[in-house]
Structure formats: C-alpha cells, structure tokens
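Below you'll find a set of structures to go through.
Across the two complexes that follow, subunit A remains constant while its partner is subunit B and subsequently subunit C.
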Partner chain A sequence: MNDSTLALAQRKKRKTKWFTHEAITAYLWLLFPLAWWGVFFLFAFVRGFVFSFTNLTISISKISRFTFEQYTRLFADDVFWTAFRNTIIWTLVMTALNNGLGLFVAYLISRIHHGQKAWLTLLFWPTLVSAVISSQITTLVFNPSDTGIMNQIIAAFGGKPLAWYNDPNLSLFTLMIIPALLGFSSQMLIYYVAIEGIPKSYVEAAIMDGASTWQIFEHIYVPSINSAILYNCLLSIIGGLQVIGPMQLITNGGPSNSSMSITLYMYNALIGGENGYACAIAVATLNVIMLLSILQIWLQHRISRSEEAL
Partner chain B sequence: MKNHSLLTSRGALAASLLLSLAITGCSFGQGGSDVSEDIQSSFNADTSAKVTLWYPSGAEYNTALTDAIARFQQTYPNVTFKIVKKAGLDIYQSYLIALNDDNSRPDLAIVDHVYIPNLAFEDQVANITELSNGDGVASNFPSTLYSANSYNGSAYGLPLSANTVVLMGNMDILNAAGITAMPKTYSEFLADCEAIKQKTSYTPFAQPINETFCAMGFSSYVAREKGQMVSDDYKTIQLNTPNVKKAVNDWVSLSKYASQNEYEEGKFYGGSIGFVEMGSWNLAKVTQGETSFKLGLSEMVSIDSATPNYSGLGLYSMVIAKKSAVKQAAYVFSKFLATDKTFQMAFAKVKSLLPVTSEALSDDYYAKDQYLSYFATQLTKVAPRPGTPVWSTLEQQIVNMLYGAVTASDSAGIEAAIESAQAKSQEATDRKFNG
Partner chain C sequence: MTKMKHLSVPLEEKNDRPALHVFLKVLIVLVLTVFAFLQVFPFYLEFIQSVQPIEGFTPVDGKVYFWPVSWNWSNYATAIQEGDLLTGLRNTLIVSFSFTLISAVIILVVGYVLSKKKFKGRNVVTIALLITMMVPGQMLMITNYQLVSALNWTSTFAALILPGIVNVSGIFLVKAFMDSVPNEILEAAKVDGAGEVRSLFQIVLPMCLPVLATYFIMTFIAEWNDYLWPMLVTGNEALYTIQLKLVFFGEGGGGGWREVFLRSAALISTLLPVIVVYALCQKKLIGGLNISGIK
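Presenting the complex of A and B:
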C-alpha cells in the first residue's frame, strides 16, 4: 500500500467515524426533537395502533377485549370506501394541479428579468390565507342559492343555477376548485429555488444547439429539479391524504357522504365515541402514507443512481 | 473513550424515549376514584369543596356567573370554583377528550342534551336522580325539559338553557298572496305555500337541507305524526315505521315549496321568503330593525287535531363527571344555576335563548313579549331529539335520509332513502349495545 492509498483510507476512516466530538454534540441536541417525537408521535402512534385492536368507545377503562373487528368493519364499510375514493381523487387532482401550476408559474417567473420577487410575493400570498377563509370564499363563489357569484354568472348567460356543493355529483369537484387554483404557492416557491439553481451555462448551451423551449424544459429543467419535483409531490400526496378542512367547514362530508374524506370520517368516528374504529381508520391511512413515502424514497434513490450512471 | 461516548449517547437516547413514555403515562388504567356516598350525604353549608366548571366564554356570560356564584356562596361559603372558559355552549367534544384525563376533567360541564344518553351509557356522568335524593328538583321545569336528560329512567343532567322553533311568516308576502293570517294547521300551511307560489314571485318556504338542523326540525314532524324514531329501550331504530314515514312525506311535501339547493333562512330576513320555522336566537334581526317587513308569528302548525303541535327542542344541560370527587357540591351548584330565576334570565338573554324554569318562563319578559311569548308557550309543547347512545350516527342518517327523500324522483326513491338510513342506524345501534 503506497502513501497516497494509505492517506485516502485514513481519510475515509475519519469520514465514517460515528462518534466525533462534533457528532456527539449534535446527538445530544437531537435528543430534544427526539423527546417530542417520542411523546407526540411514537407514543401516540403505538397507543393508537393498540387501540385499533380493541373495542374502545369513549373510556379506556371500558375496553373489554382485543379484537380484529374494527378492521373487518373497515373493509365492509361503504362510507369508508367512499371516503377513501374521494381522498384518492382529491390527492391525485391536487398533486397534479398544484405541482403542474406551481412548476409552470415558477418557470415563467424564472424567465423574466425584472420584478421576480414581486411576482413571487404576489403569488405566494394565498398560502397565508387560512382554510377557514378559503372555505368562506368557496361558499361565497359557489353558493347554491341564486345569489351565489357563479350562479349569477350562469344566470346572466341564461343557464339554470347549480347546487354546487349541495349536489352529490358536484360536491367534491366544487370543494376542489379554490384549493386547486390557489394552492400552488408553496410548490411554486420550491420549484423557483430549484430552477434558479440550474447553471445558466446548460441552458445557454442548449440554446446555441438550437433546442426549442419545450426541449430545454424537458431535457434540462425537469432532470435538474427532479428532487424538488419528488419532494413537492410527496408533500402534496401526504397533504391530500390528510385533507379535512374544506369538507368539514363546508359540507360536513355531505350530501349523502359524497364529499366525505378519510380524515373527516375518522374525526366523526371520534366525535361519535367510536375511538377504536377511529384508530383503525388512522392506522389504515398511516399505512397508505408510509407506503407512498417508501415508494418516493425508492424512486428518488433510483433516479439518483441513474443520474450517477450517466 | 470511544466506548464511553457510545454508551453515553445510546443511554441518553434510551432515557429520552423512556422519559417520553413516562410523561404521557403509558397505561390503560385511570387513577380517578368515585367518592363514597357517605361523603356525599354529609354535604352541607359548612362543607368545603372546589368545583371545576367548564363555562362559555364571553363578558355577559361571565357577569351572570359571577353574580350567581356570589349569591350561592352566601349559603355555601366554603364552596369555591375554578372556572375554565370554553368557546361556545356545547362543550361535548372537549368533554369527550377530557373524560380520560384526571387532571383536565371538569366536575361540571355543559353539553347538548342529545349527547347525555351516550355519556350515561358509557358510565361517564353522575346519576342526577340519585344525587338529588328526592329533593323535587324536577318540579321546577316543564316536564319535557327535565326528562330530555334521562337515560333508562334516570336523569343524568340538569337543564340549563332551552330553545325551540316557531313558524315565522313575512306578512307582506303573505298579504300579496291573499293570506291574512298565519296558518294553524298543516293543510292550511301547504295551501298558503301554494298561494305564494302561484300569486307571487317569492319562494314560499325555507327548509333546512343537508345540515344537522334538519334533525331538530324533523323531530317535531315525527312527534306531530305520533311517531317515534327510537324504541323506548333505545335498541331499535324505527325510521321505517308508518308514522315516521308519514313525517318524511310531510317533509317532502313541503320541500316542493322550498329551495332544494340550500337552506334559505338568511333570505327570509332579507324579505324574499314567505315562511321559515325558526328559533328565537335570530329574533334580534327583527327587533333591531334589520328587516323591513312585517313579521307574523305562530306556534307550529298541527298536523292532527288529536296531537299537540309539537316543535323541536334545543337544550343545553349540565352534567357532572362520574369521577368527580365533589359530585354533591357540583350537584347543589348546578341545581342553583338551573333553578335561580335571576341567573336563568341573565344567561338566556345573552343569546336570545329561553330559560328552563316554569317560574322564569312565566315572567312578563317572556309571557307578555309580542315575540318571545310564542317561544315560551311553544316550549311547553316540544319533542326532544331521540335520546340514544348512537345519536351522532342517527343524526347524520336523518340528514342523509331527508336529503335522499327530498331529491328522490319517486316514492321508491323515498323508500330507499328511509331504508338506507334505517339499516345504517340500526347497525350502529347493534354495535353499541352488543359491543
């Protein structure tokens, strides 16, 4: 082994050493987030998981047996499956629209030379609006009465007023409209930062080679920001699977469960004193989210490896 | 050195996890204990107790309570209070969460009466019938207001604040349709709605749709049709019985004169709806000059001359935690709040609701007021929403059933909506009682 090989091996050994002074300090500081992770997540998760196998109603002291009944009920419950279907539709639509719009707007902003910050600020603004206000906007615009803004527009063109969120066929679609149109701000900001990180020379070289705008976008922008795309999509999917606000604030899942989401259904089970069932719904939802997270990590890892190979 | 660091870090991580679990108390069992009846019976004017009360926030509510406590302490000087302010009157949701926490559970809380059967079924609230020990507290209230808090023959709450619904009419619209007086019967009501529809451009009626207020309104139709949505032993749902079906059909008949898109209560105050069945809580819109039409009021119309013209009942009641260590003190104080005329009237006025004692209801403020008198009289003829431990499910199923019935294209659709609600409610009931 020559000197340079030995030095490299020693450097590598130092690099992979776990317990340096710096690392120990970091571990000690990490105990704080670990403590509240333990309290607010791990403990709650374990407890909820255990309860999902009991006949818990309101009082823990009245648990009389461990059972799989909550899960057999879950699989046979048509309202749960309606809620599941609605939640998946919501998640897919929101993930596609919020990310599509966010990426498109971020790309457009990156192409302008003046006033980028003003555009970002302006378009990021809706993120600061609470779900309550957003729901109020929905009820104002899509109010089923003939005084609702959209119904007035329809009437002006000679159409018949729609029941919007009070129509089982339209309710979920109606709740999606405002969040879809205004909910892209966070994604936009992340995409913008990612796009700004792309070396200008790549784009300039492509332009010199005669690449079209679409080709530049497809072959330079998208591969360069795929980590941001995956991250944004994962956040959108998790947020979508946990959606409750618009349903709870506007329709309470109705009419006839047509806008019920999994989280709202779980909440209603809790309010109805069916805590064991609510825990089973929570565990089922968490499993779906975990599966998607694992899929995302695997996908990201695979993309990184294929990039390295190139 | 390396091993020492490794041990230190791993030890710290393990300690952190154990601490987390210890903080949250990882156990099923709870430490609360029932106070013995011997101690209960020895409660008197000299007994010391500290009662934790969950009470709605707001300056006017606070004034009413402060005054009540001062007068109560003239008799019971050693009873002190910890007042925990809560947003809103119905504290059921917070109460459900707190029931398993010995540190945050109140001794006395306010809940919508419909949740009391479930709390009693789950053995979470004290038996008021036992605590009252035959002191005759029930005689202070119109009978329905006291019995609405019952489960299996015992009371589990004392009434605090009531409300009910009467028929309100826009007399300008009614006059334009050739109607000179408010209807008294269901057939007159339908005829008036038809006249408004034919002779004016206004919507005859505002009917709740796709919201929980439906359940309160529908209860009155069921009672007027002599129906019963739940059996006396709470174990059988009866939505598909003939009399309840009649009530559904009454509801559907009226829906032809109302918007099926939304509940247009707000439009009534705006002057474009003929009738609405509404409570006193919105009277201020009329009395404070927000409306520009002449208001007509009448009790609920009767459907059958042999049956009283029942209305729905809204009732907030006080419950005492089963695990409270000061149950008797909490009972004596809740009895004071429920029966003290000064407190009752002060509390009711905050939200334009109604007091619960016969004495307060007969006060001129209610009995002789041109509007409130209708509500006070109607309160003697009310039908509570059915007390059942599965009320949350039943309420949602009633909403779904009425929506399905109103939007059904034929009688088969109505029947299907009823049967679906019946099946789901019965399923929840079976699950509740059979574990």
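Presenting the complex of A and C:
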C-alpha cells in the first residue's frame, strides 16, 4: 500500500456520518440563523460583487449586460482618487493618533497605583459619543465664523481667524481633530489590559540590570503587547478606511471634494441611483480591507507560533 | 503569566529614589487630567450654550461664554418638543431593544451549537462565518438597501432591526466562552433527561449571562449611536431614530442663534441617556471588553 491510499484509508476511518442524531439537531438549530445569514450576508456580498460588473442604475431595473465600464470609469475618476487619497491620509493619521494616544495613556495609567479604574472610567466615556454628536462638537469648536471657539482663541492671541473646514487646504485636517481627541478610548483599554498582563518580575529584573525607562518600554512592554498592537492597528485601519461620519455630516465632502471619503462617495453614488458604480467603489475598497484582515490573521498566527517556540 | 504577577512585590516599593517618584506621579496625573479635561471641555461649552436664553440674546463677537447669561432650563423642553426627540427616543428604544434581544438569542444558539455539538460541516460553517467578519459593512449596505426596498420594509421598523440580526462577532463571543465550559456540565444535564431546548435555556443561558450582559450593553450603545443605516433606509420621518432627529434638528427652521442653542440642548439630551447607562454599567462594560478577546 502506498502513502496516498494509506492516507485515504485513514481519512475514511475518521469520517463522521452526516445524519447522526446530534448532527440533525445541530442543523435544526442552525437552520434559521444560517438561512438569514445567507440572505443578508452571503447573497448580499455576491450580489454586490456581480453588480459592480453591470451598468445597473436605479432606472434600469434589469441587469442588461456584463461590463467593465464601472471600473474603467472608477480609475479615470478624479473625485474617486481624491477620495482615495483623503481616506488613506485619514486612516494613517487616525491609526497613528488613536494608537499612540491610547498606548501612551494606558502606559501612564498603569504606572500610577491608586485610582487606575477611576482613570479608565473617566477616559473611556468618549466611546459613547456618536458620530452625529462629535460632528456637532466639531462645528461648535471649529466654526469658520468669528464666533467659533477656536477662532476666538486665535483672536485672543491676536491671530487671524481661519476658515477651518471651509478651507480646502484645512478641511480634512479640521475634521480629524475631535475624532482623534475622543477616539482613543477603546485602544487605551485594550492596551491597558495587555500591559497589566506583563509579569512584573520581567520589569523588576530589567530594573536590577539598570535598564532605563525607555529601554524597559522598548524591550519588555512592546514585545509583550505586540498582538494587542496588531489587533488595535487593524481595527483602526478597517474603521478608518470606512470613515464617513464627519465628512457626511459637516462638509458633505466639500469644499470642492477636499474632504471627500471613499464611503461618502459610494453613499452619494447610491443615493444618486448609480448602484453599479457604488458597488464598484465598494468592491475596490473592500479588497484592500479583506487583504489587511487576512494579513493580520497571518501575522497573529506567526506571532503566537514564535511565542510558543520560546 | 498572570499568576506570577501576584507573587511579585510592586516594583515601585523597591525604588530608592522616592522624591523623583512623587514628582513623576504628579506629572502623570497632571497629563491624564489634561486629557480628561480636553475631552470634557467641548461638551461643557455645548452645555453652557444649551441654557442660554433663546429670545433676545446675541452672543458678543469674540467672547467665549464659560457661563451662561442666565439659566434657561426650559430650552430643554422646547428642544425636545421642537425636535420631536421623544418620538426619536421611542423609536431608538424599540430598534435597540428588539435588535439586541433577537440577536442575543441567535448568538446564544449558534455560539452554543458551534462550540458543543459535533457534526459534519461544523468547521465549514465556522470558517464561513469567520470570513464574513472581515467583510466591511459598506459592501453589504448597498445590496441590503436594495433588498430592503424590494421587500417594502423602508417605512417599517423591520428595515432597521432585521438585516443584521445574525451578529457574527457576537456568535464568536459566545463560542469563545462556551469553549471554556467543560462538556461534563452539559452531559450531566443530558443524563438528567433534559431536552435540547430545556438544557439550552436552563443550563447554557444562565452560564452565558455575563457574556450576554456585555454583549447587550455594547450592542445597545452601538445601536443607539448608529445613524448611517437608519438614514439610508428610513423613508418615514415617524420612524427616525434619535440620532436622525439630531441630524435633521431645526431643518426648515429660521436658523440663527435660537436654533444653535436649541440644537445644543438636543445634543445634551441625546448624550445624557447613554452616559447614565454607562455610569450604571461601567464595570460590566470595561470588564466585558477584557473577556471579548485580547490576550
């Protein structure tokens, strides 16, 4: 008997039956959830993919033909590329700020002895702030009129008021500030939990050896929490690539598309009845996000394997 | 790893430079206070704006009001009435509660079955569900919007509640928890003659309550804060959720300062309920995020 037939024989032996009592009850339980999931996830996903290769609009109810025209249009569309650039900038800046601030604050909290929980509670509440509310806060603080809080502060120091989100050069940057200030809480909590998991004896041993605070941070903290860093960064990146709230609610992508994001552009295409084009935009960005997720899982796997090897 | 932590002496006690440490700690608390202050301050200004008099008052140019010229609590009543916020609140409560309850039952059942039942195809189902976690919501938004329109759901609550009830991340939350429960406990129930449904609701459900409580709070807050999907699918103003009421607050009104102050009052009224829920449940919420997965 050669190897492949042996393997086959073994597989046959391990084969469990389809219609055991347990299997039937399991599938009965799963029947409704899986059917629902099939319609609203699987079917929706495949349909979106298919639609992106059609010339579907709201006025054409039947799909007429297979075409790449949505994609050729997409790649030639300047607004899409502006939206793409803005979304990438937003994602990079927000990922850096959310994780930088989150890690910094979590580290600070872990270094004090009393009231750690109180500080966590105090700094975690901004997760409750919805996109609608944080956008209204942005319009209060960065109002382009002379009565905006920031403009008044500038005026108090003798500066000239800025147009903030009405200025094409400043709009994207202005929209970032309040979300960055209110957006690091969940990262902070995850980093805090990860830091608390670091054995104190490691840190003590390093202190005995005369390591500086930065050396301890770099060589003990960072390697110990790298899976938390990976997870948080991925979450920030996925969230960032799908950003729509501030742009939609404050500037609607303007002025002159300077704060347009991919999701907002897609949303507007959908509202405008260009369903096929909206799907093409979604598919083009979706691939990036799915690749990133797969990359993260692969990296996570590698990290856990190298940890096991240690 | 965590066991070792408790055996060791806190590291600060060994430090032989106490003066520096007090200084450092004060510095840390100071920095944290600055962060907390920066986060709260805009909301404070929003609150001050919300109680300014809505008639016969125009803010002086170039002045930040850290204190209102007079306290007009009636602004809140006016804002709630003009913005129709109570309808928004009712709709949000209906949507959030129904969604959270229905999806909680589903994640309980599916999480339990995927964790404890041995059947052919289990791995396929698990991996298929796992992959959907990676699909961004915007992709599904377009086609689900068309589906919901085709089903004529756009002027009913169904459009807001039903599409996402199979919550995959919730399923894996329950599954991860059930994986840590030894099989013997469930088998003991089977020996006692409990049927499938009974053992699910009398044994599995009570065990999962802490996880479900966390899921409940997190989902409830997420539903409360969601605006994009409701904005897309709700054709009927009577079904607007509270966030939508806030988005469209004062639309068609005259604008001006009256609108600005009332909008601030509406914002504070929208934020306050979640803050209260948070204050009551913060232990569950903060503790729960620890369960939900990061080692």
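We adopt the following convention: the second predicted complex is superposed on the first by the 260 of 310 C-alpha atoms of A that agree within 3 Å, B and C clash if a C-alpha of one lies under 4 Å from a C-alpha of the other, contacts with A are read in each partner's own complex, and residues count from 1 in each chain.
As a convention for this text, a contact is a pair of C-beta atoms (placed from the backbone, for glycine too) under 8 Å apart; a residue touches a chain by one contact, two chains touch by 3 or more.
Keep in mind that what you see is a predicted model, and the values were worked out from it rather than measured.
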With the two structures laid over each other on chain A, which partner does A:Ile238 touch: subunit B (first), subunit C (second), both, or neither?
-> second
Which of subunit B and subunit C A:Tyr27 touches, first, second, both or neither | both
Could you tell me if A:Met247 is touching subunit B, subunit C, both of them or neither one (first, second, both, neither)?
-> neither
For A:Met260, select first, second, both or neither according to whether it touches subunit B, subunit C, the two together, or no partner.
-> neither
Subunit B versus subunit C as contact partner of A:Thr121, first or second or both or neither = second
Regarding the shared-chain residue A:Asn268, is it in contact with subunit B (first), subunit C (second), both, or neither?
-> first
State whether subunit B or subunit C is in contact with more residues of subunit A in the superposed arrangement.
-> C
Of the partners subunit B and subunit C, which touch A:Met94 in the superposed model: first, second, both, neither?
-> neither
Thinking of the overlay built on chain A, is A:Arg47 touched by subunit B (first), by subunit C (second), by both, or by neither?
-> both
Take the contacts of subunit A with subunit B and those with subunit C, and give the residues found in both.
-> 18, 27, 34, 36-37, 39, 42-43, 47, 147, 270
Going by the contact rule at the top, pick out the subunit C residues touching subunit A in the complex.
-> 1-2, 4-5, 7-12, 14-15, 24-25, 28-29, 31-32, 35-36, 38-39, 42-43, 45-46, 49, 59, 61-64, 106, 109-110, 112-113, 117-120, 122, 125, 128-129, 132-147, 163-166, 168, 196, 221, 224-228, 232, 243, 246-247, 263-264, 267, 270-271, 274-275, 278, 282, 285-286, 289-290, 294-295
Note which residues of subunit B are touching subunit A in the complex, please.
-> 2, 5-6, 8-9, 12-13, 16-17, 19-21, 23-24, 26, 28-30, 93, 96, 99-100, 118-119, 122-124, 209-212, 259-262, 264, 267, 389-390, 392-393, 396, 399-400, 403-404, 431-432, 435
Partner subunit B, residues of subunit A touching it in the complex = 18-19, 24, 27-28, 31, 34-39, 42-43, 47, 55, 57-65, 73, 143-145, 147, 161-164, 166-167, 251-252, 254-257, 268, 270-273
Complex contacts: residues of subunit A adjacent to subunit C | 16-18, 20, 22-23, 25-27, 29-30, 32-34, 36-37, 39-45, 47-48, 51, 101, 105, 108-109, 111-113, 117, 119-133, 136-137, 140-141, 146-147, 149, 152-153, 155-156, 178, 181-182, 186, 189-190, 193-194, 196-201, 203-204, 207, 227-228, 231, 238, 241-242, 244-245, 248-249, 263, 266-267, 270, 275, 278-279, 282-283, 285-286, 289-290, 293-294
